[in-house]
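Both complexes shown next keep subunit A, but they swap its partner, so subunit B is in the first and subunit C is in the second.
Entry: the complex of A and B
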C-alpha cells in the first residue's frame, strides 16, 4: 500500500525544502530592510542591487542620529506608548476582574463584544474623533493620541486580562475575606500579586501596539510626528535610507519582545489581536 | 436598588471601561454613519455623499481593489499556511529553529513590512533583480504601475506579514485532532493525500473557516500597507476614505466610504458569530 502512495512520497521528500524556502522568504525582507540601512547608496540605487552587503556603512545611521529629527518622534512615541499602557492597565484590570467573576451568561457576550470592537474599520472611528479633536485642540497632543490609542488597547487589554483573572481561583479571595480582609483589601493584597504576570504581558502588548500604531496617529497629527509617521514621511519623500533606518529603529523593540513572548502568542491572543 | 448597592464596587470597577467603549468606539461609529447621510453645507439629511463617491472612478476602483485584494491575499495566505502548518506538525530535526524563523514577520510592524517591501518591489528592487538573475525576465517589472500586478504586490506583502498568524491558528487546530484518527486512517491504508482530504481537512474546517473570516475582516480594512506600497494610484476603501478627508477635506464623503466599509465588515462579523467564534474567543 505504502509503495503506491505518491502523495506520501512527495510530502516526505519535499517538506524540508519547502519549509527551508518559506523560512528564508520570511527572513529576507527583514534582512533587506537592515541591509538598505547600512549600505552605501551606490549599492542600492542601481539597476542591479547586490544581495550581500558589499559596502558596509554607518553613514545613514549617523545621519539619522545626528540630524535631530529622531528625538522628538522617538520621545512622542515612547511617552504616548507608556501613558497608554499605564491608563490601559489601570482601567482594564479592574473591569477584567469583574468580567471574569461574572456568570457565564453575561460574561460571554461581554468578552465577545470586547473582541468585536477591534474589528470595526479604524478609518470610521478615527474620522469623527479627528473632527472632534480639531475642535478641542487635541490634534498633535500627547493626550489626544493616548485617548485614541486607548480605543484599540482597552478592549484588547481587558480581553487578555479576563483570561488571566479566570485562572485565579475564587476561593483565594474568599479565604482572605474570611480572615477579615475587606473586598478591596483582598483584591489588592491577594488577587493583584497573582495576576501580575498576566498584567505584565498585557502591558507589554499594549505598549507595542501603541508604539507602532499608524492610522490614528495619521488622523490626529499635523506636525508633531510619531516614529511610525516619521518613517512614513520619508517613504513618501523617497528617502530610502532614512526610511530604512527609522523603520529598523521602530522594529527593534517589537522584534525583541515578540521573540521573548512568543509562547504567549497563540490561541486566543491571535486573530488581529497582535496586529503589530 | 439593593442590587446596585450589593455590587457597587463591581460597578465602579467596570464602568470606566464600558463608558470608554461607548464614548470612543460606539459613539464615533454612529457619528460616522450619521455624517454619511448629512449634507456637507446645510446639514440636511441626504444621499448626496453616497451619490458623490459612487460617481467617482476612484471609488469604483477602491471597491474593486478591496475585494480583489481580499480574494488574492486570502487565497495565498490560506494555501501557504495550510501547507506550512501540516509540515510543522511533523517531528523533524531543526523544526523549532525553522518555526522560529517562520514567525519572524510577527515581530515586524505592518508599516515596516510595507517599507521593507518597497525595496523588494521597486523597479530596481530585489525581486526584479532575482527574476533577472534567474533569467525569468529581461526588463524590470513595474509592480506599482496599478492593476492586478499592484494588487498582487500588496497581497504578497500582506501574505508575508500575516501568514505566520494563520499558521498558528491552524496549528492549534491540528493539535486538537486526536492521533488515533490518523492511526485508524493508516491501518485502513489511506494515502497521505487521502488522509489529508478525508481526515485532516474536515476536522480542521472550523479553524480554517474562523481564520478566513478573521483574515477577511483585516483584509477589507487594509490601510497602511496599501498607503506605503501603492499610494493613491491604487486605492482601497480605507485609503479612499482617508483621501477624501485628508486631501479633499470632505469628512462627509469620507464618512460615506467608511460606512460602506462598515457594512461589509458587519456582514463578516455576522458570519463570524454565525459560525460561532465562541470557543476561540472564550477559550
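Entry: the complex of A and C
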C-alpha cells in the first residue's frame, strides 16, 4: 500500500512536467516553421537566428496567398483526404464489426492478412500500382488518389476498428434485440454510438495520412498538385520562406480536423453498460 | 421489421452511390483507352514538362509559349516536373502504355536512366535541326552509344560563391588556384576555429561532380582514376580536408544555399541558382561569385544544364519536334538570357541581363569557357561508385592514395569490359 502511495505520488508530481516537455517538443518544430514564414529574410539567414520573432512580416504569406497556387492544391488535398476518410470508415466499420464478432481462431489470421499489403515498402509497390491506375485513366483524378490512399489506410482503419468493436460487449446487442431491435437497428443505434471514439481515432488517422501522403500523389499527379507536392516544390527549389509558409498552411487543417474529431474521443463510455 | 429493412437498404444505397460518385468524379472521362484515342482529347494541346521556379515559369508562359501557340495554333500546357521525378513519372506512363507528356527538358546529369529504360525517343534523325551556332561541346551531352537522344537547350556550370564581407575581414582574396585555396581554407580554420570552405563530399552525384573538376584540372581522367592527375587531385584533397567545413560531408546541390545564408560556409562552388535563392530572395548581398579556381594543369568545370527530350510514345511527337526546334531558336535563347539570365546554348544569341544578376552571369560565362561535358558511359554507375569509394577511403578515412586509386581503377576497368568498352 505504501509502495502504491509512493508511485502514485511520483506519477502525480511527474505528470505535469512530462506532459509539458512532450508538448513543447512537439510544438517547437511547428513554431519554428511558423516563425520562418513570418520573419524577414535577414532574421533567418544569419549564423545565429533568434528564437523569438523580432522582425515580423506577412510578406511571405501575402506572396503565397496572391500567387494563385494555393487554392487548387488545398482543395484537392482536402477533398481527397475527406473522401478517403469517409470511404475508409464506411468500408472498414462493417468489415471490422464482422471480424470482431468472429471466433478468435479465425479473427487473428484475418486481421494479420489485412496487413499483407502493408508488408511491402511503399516505394516498391507504388510504381506497379500507379501503372494500373494510369491504365484505368485515373491519373490526375480525385478518384485515383482516393483509391490509392485507401490501399494505405484501409488495413489500419479496419485494425483500429476491430479493437474498438471487440471492447463492446455482445450482451449489449442481445439486450437491444430482446427489447425488440433488429440486428441492423442494434448495430446503428447501439453499437455505432459506442464505437464513435474508435471511429474518430480511425478517421483522424486516415485523414492525416491522406492529407500528408506523398508517394502516390507524386506518381498519380501530372498537373493538379496536392498541397504536400506543392510544399515539396518549394523545398526542392530552395524557397525557404515559401516552403515554410506552405508547410504552416499544411498544418492548419490538421489542427482543425483533429480538434473537431477529438470531441468524440471520450474515455469510460462503457462503464456500467451491462449490469450483472 | 420492414422499417429496419428499409433503413438498411437506404444505407446500402447511400454507400453504393458514394462509391459510384467516387469512380465518376475523375477529371478524365473515359476508361477505355481506345475510346480515348478516337476522341483524341489531346488534339491541339502540347504537354511540356520542365523543372522550373515560379519566375522561370512566368517567363515561359508570358514570353516563350505565346509565340509558338500563335504560330502553330496549339496550346502549350506547362507541367512542373522535377528532374529527380521525371524517370519515375515517365516510367509509370510508359509501362501503362499511356504517355501523357510530349516534351521534357531534363537535367543533363540525369539522362542515363531515361535512355537505359527506353523512355525517350531516338532523335538522331533530327540532328540537322541543331543550329550551326551551337556551342559544340553541348552536343555530346545528349549522345549515348552513337545515337542522339537529347537536343542541347541550356548550358550551365558551377561557379564559386564567397562571402565578400568575411574575405575582406581577414584580408583574403577569392582563390584562383589550389595553393590559394588551401591558404584560404587554412586561414578561416585558424581564425574561426572551424573550416569555412566547402567541397562537396556527400559521396553522391554532387561529390562526383566536384571530383571531376579536381581530377581534370590536375590533368587526370576521372574514368581512369589512377593516372598522375587523379593522384595529384586526391593527394591535394587529403591535404586540404582537415581545413574544410564539416558541412562538406553533407553538401549537395541545394544545401550550399543554406550554408552561405547562415554563414556556416564562406566559400563553396555551386550552381548559379544560388544567386537567386541567397542573394535575390534572401537579401544576402555580401555573397559574391566568380568563375572558380584552376588546378596545376588547367581550370575545369563539369558542363551541366538541361537538354530537350521527347518521351517514347508522346501523343504529339510532330508538334514536340517543332517546339524543340523553337526552343533552340535564336529568338527564344535571347529571351531566356535577357529575362532569366540563362547562358545561351548558341554563340550568336545575346541578351541583356538584369543589373543585380550581371556579376553572377559573368562568372557563369567565364566558367563555361572551361566547361567539359561528362562522358555518357553505359557503366557510369560504376564510375560514380569508384570515384566516391576512393574519396571515402582516401580523404575521409585517410588511406593511401596510390593503392586505393589502383583498386578503384580495377573496378572501373572490369565494368568497362563488362559493358563491352562503351
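Rule of thumb we're sticking to: the second predicted complex is superposed on the first by the 206 of 276 C-alpha atoms of A that agree within 3 Å, B and C clash if a C-alpha of one lies under 4 Å from a C-alpha of the other, contacts with A are read in each partner's own complex, and residues count from 1 in each chain.
Note that in this section a residue touches a chain if its C-beta (ideal position, glycine included) is under 8 Å from a C-beta of that chain, and two chains touch if they have at least 3 such contacts.
Just so it is clear, the model here is predicted, and its values are computed rather than measured.
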item	value
Touched partner set for A:244, first subunit B, second subunit C, both or neither	first
Touching partner for A:108 - first (subunit B), second (subunit C), both, neither	first
Partner chain(s) touched by A:216 [first = subunit B, second = subunit C, both, neither]	neither
Partner chain in contact with A:22 - subunit B first, subunit C second, else both or neither	first
Subunit B or subunit C, by number of subunit A residues touched	B
Partner chain(s) touched by A:155 [first = subunit B, second = subunit C, both, neither]	first
Which superposed partner A:184 touches (first subunit B, second subunit C, both, neither)	both
First (subunit B), second (subunit C), both or neither touched by A:51	first
Contacts of A:207 with subunit B and subunit C, given as first, second, both or neither	neither
Partner chain(s) touched by A:255 [first = subunit B, second = subunit C, both, neither]	first
On subunit A, positions contacted by subunit B and by subunit C	44-47, 49, 127, 130-131, 147, 184, 218-219, 240
Residues of subunit B that touch subunit A when the two form their complex	9-10, 13-14, 16-18, 20-21, 24-25, 27-29, 31-32, 35, 80, 83-84, 86-88, 90, 92, 98, 100-120, 124-126, 129, 132, 140, 160-161, 163-165, 168-169, 171-172, 189, 191-194, 196, 210-211, 214, 217-218, 220-221, 223-224, 227-228, 237-238, 241-242, 245-246, 251, 254-255, 257-259, 261-262, 265, 268-269, 273, 277-278, 280-283
Touching residues (chain side subunit C, partner subunit A) in the complex	1, 4-5, 7-8, 11, 15, 18-19, 22-28, 30-31, 33, 36, 47, 53-54, 77, 79-80, 82, 84-85, 88-89, 91-93, 95-98, 100-101, 254, 257-258, 261-264, 273, 277-278, 281-284
Residues of subunit A touching subunit B in the complex	1, 4-8, 10-11, 15-16, 18-20, 22-30, 32-33, 36, 44-49, 51, 91-92, 94-95, 97-99, 101, 107-108, 111-117, 119-125, 127-131, 147-148, 150-151, 154-155, 158, 183-184, 212, 214-215, 218-219, 228, 231-232, 235, 240, 243-244, 247, 250-251, 254-259, 262, 265-268, 270-272, 274-276
Touching residues (chain side subunit A, partner subunit C) in the complex	41-42, 44-47, 49, 67, 69, 83, 86-87, 90, 127, 130-132, 134-144, 146-147, 182, 184-185, 188, 218-219, 222-225, 233, 236-241
